[in-house]
Amino acid sequence: MLARARWKHGLTLPSLTTFPALARQLADIGRHCYERGWALGTSGNFSAVVSKEPLTLAITTSSVDKGLLEPAHIVAIDEGRRVLHGSGTPSAEAALHLAIVRSRGAGAVLHTHSVWSTILSEATTDGSLTIEGYEMLKGLEGVRSHEHRERLPIVENTQNWAAAAPQIEAMLREHPEAHGFLIRGHGLYTWGKDLAEAKRQIEILEFLFEVMGRKRGVAWQQ
Amino acid sequence: MLARARWKHGLTLPSLTTFPALARQLADIGRHCYERGWALGTSGNFSAVVSKEPLTLAITTSSVDKGLLEPAHIVAIDEGRRVLHGSGTPSAEAALHLAIVRSRGAGAVLHTHSVWSTILSEATTDGSLTIEGYEMLKGLEGVRSHEHRERLPIVENTQNWAAAAPQIEAMLREHPEAHGFLIRGHGLYTWGKDLAEAKRQIEILEFLFEVMGRKRGVAWQQ
Amino acid sequence: MLARARWKHGLTLPSLTTFPALARQLADIGRHCYERGWALGTSGNFSAVVSKEPLTLAITTSSVDKGLLEPAHIVAIDEGRRVLHGSGTPSAEAALHLAIVRSRGAGAVLHTHSVWSTILSEATTDGSLTIEGYEMLKGLEGVRSHEHRERLPIVENTQNWAAAAPQIEAMLREHPEAHGFLIRGHGLYTWGKDLAEAKRQIEILEFLFEVMGRKRGVAWQQ
Amino acid sequence: MLARARWKHGLTLPSLTTFPALARQLADIGRHCYERGWALGTSGNFSAVVSKEPLTLAITTSSVDKGLLEPAHIVAIDEGRRVLHGSGTPSAEAALHLAIVRSRGAGAVLHTHSVWSTILSEATTDGSLTIEGYEMLKGLEGVRSHEHRERLPIVENTQNWAAAAPQIEAMLREHPEAHGFLIRGHGLYTWGKDLAEAKRQIEILEFLFEVMGRKRGVAWQQ
């Protein structure tokens, strides 16, 4: 209860980089996403950089109900996905998190499964989702105007992210301005310099997905 | 308050099989489903196996507002639906719960009434609802890939489940891979080896129902 | 906080008929409806019978934000709408509550303004909304089968309910089986022998309105 | 937690005009809007008049996550947007708040970004959104009947509100009866004599936006 109260009611999210502090913040964010309906059941995974040299990543372990996520469900891994602290198997998508950290210099990576991101990931066929003209876009890092055009790549789903990680890194290099990407039928990845920034971007993008998804049900009749 | 805090913020759901422990967990899950809008009013019923030999089932009593569900509203029954512990009338659908426990070897059975399951139960005419291609399917027990095809049987509603139980058992034998089934105009049944697994499957299936229901309102215009 | 915790987590709603007890329960139910989005702002009003002979009704006062509803915002009135206990102006719709109590023998009357009830109140032109075939209908008092057909009258809105009360009583006599009625562009009235029953019926009817409203957005394409 | 409990469960919102009291109320309202999904991420900004002569306004600072809003994130500014109390940069839209206070004599101004207000701000092309015939309209200050016709102007978005403030003041003079206005692709502004009134109007307007947005997805098929 305390954790939730804190998250919702007033503590800042300082950019701490000790493993215990990050594990606590990741657990708070995971339950927050669960309560918003963006990480139901065991879906979703979340990570934050503990140190850059050598690269150490705090990340959720697999098969944990996100409504019950605790700091004890977070492990620290190295770049080869070996567990350095804590116990449990790191998320099967750890290779994706590491690819994003490497190619973007991110301090935190969040991955959610929401209803609207799932629907929109299947709604276009040209390999990306374009969002433009909304004030909310200014919540994305570095965006200064609603006239911004955000283009989120959509990649195909797979069950072997370790093998697919190089393609993801290539995709990220090709789209240096993208603030996230979608996996088809699966969900959203976004990131930030720290957890506070990545959490804010999740909310911004989920908001925009809902606007776009609902508008499709509205716009036809105009 | 404590109960809710615990459910949402951190205790695991150990596979305890004492009646008082299961009664408490069933009350927590019932209120959780109520808060999600999946068991409004007195709708929904929930059970867990106390012992297999002889079969004893902890189950919600009928006519209880699920927002007010307490351990005292749970009774233990035998295979003949006689009350062994606690007071109250076991749910009218107890025969269905027992049929599922017998034919699936389930440790827990959850039944909810959600808006989307009600709508989808009436949306197809071929006797089943098929879901495939979504990452979220991996939250179902034993599913390893989004390429899984889940086929949920849809059965007609009745007010005499004691009489209908043999047909339900036959239907479950015919569809050995189904992780749940729908009753037309009524709701969802799912189950698991314990309450944690069954609760996770409720969330997974409800998520997928919402995606499918909303996509119908989106897809037509493409 | 305590009030909310109690409502959601375990106390029964005993059929107490002292004014302070009913005022507390009405405040709990009002905030509950607010949190569900059924009584935003100052909308909605709620009452319960304190005594039948002479008729004394506990009812919400007007212009109170339902998210801030307290027992002090409830007054007791007589059949002539004179305030017997507490301070404040009884709801402008008190005449409607009294008409329902008289013609139905109700112990509690609840009136909410939800999005779906507002939409459905305008969706038919024949003066009523018919709901049938849903298991959830069994949550209405005395309904034993999903085959029940519920027909909710829809009346025109007015700003003079004192003048309109006789027509409402006539309408209630013409539809002796209706468990509630809609006011066009306005919301739902339902009632019960006590607050627990009326509260359950609000949830059942709101659930069914959502199913019917969403189905309209789904069904067209089949 | 206390703050939230108070907001939802019973304290009145007295029209205090000391800066610390208003800062606390603004933080409560901001988190409340965040929880309703109307101020996700850093979106939305909120103000209240501390004194009229000389004009002093308590207002949220920019770039604060509204789920983490605290009294320390509120500053007091003068009519030239200079910070008098507290630290931080006042919202970039402070000029808009001041324009509304000047032209309407408002004691509080609230600005939210909701899904439905965003959608409806783009749904009409004649420069305004008209809402009429709903009982909920009576929640707007001074409205006595559902027959009221509310016409909300829609203005184009900009990133320079200091420059645009004169046009906004002119628009407000041209529409003296409007209880709010929309910015295209951006969100809603509304106001009141105090925070309680402005908060109530936010809820009323958001409710009506949802009704109108959903009706568009329903009405076409009739």
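As written, the chains take the letters A, B, C and D, and residue 1 is the first residue of each chain.
Simple rule for what comes next: a residue touches a chain if its C-beta (ideal position, glycine included) is under 8 Å from a C-beta of that chain, and two chains touch if they have at least 3 such contacts.
Just so it is clear, the structure is predicted and the values come from calculations on it, not from any experiment.
> Return the chains shared as contacts by chain A and chain D, ordered by label.
Per touch definition, common to chain A and chain D: zero chains.
> If you list every residue number at the chain A and chain B contact, are more than half found on both copies (same) or fewer than half (different)?
different
> Please report how many Å separate the Cα centroid of chain B from that of chain C, as a whole number.
30
> Please compute the C-alpha centroid of chain B, do the same for chain D, then give the distance between them in whole Å.
43
> So which bits of chain B are touching at least two other chains?
Within chain B, the residues that touch at least two other chains are 1, 217.
> Which chain pairs here would you call touching?
A-B, A-D, B-C, C-D
> So in the complex, which bits of chain A are touching chain D?
Answer in residue numbers: 1, 5, 7-13, 133-136, 139, 144-146, 196, 199-201, 203-204, 206-207, 210-211, 214-215, 217-218, 220-222.
> Along chain A, where are the residues that touch chain B in the complex?
Chain A residues touching chain B: 1, 3-4, 31, 35, 37, 40-43, 65, 67-70, 113, 115-116, 118-119, 122-123, 157, 159, 183, 185-187, 213, 216-217, 219-220.
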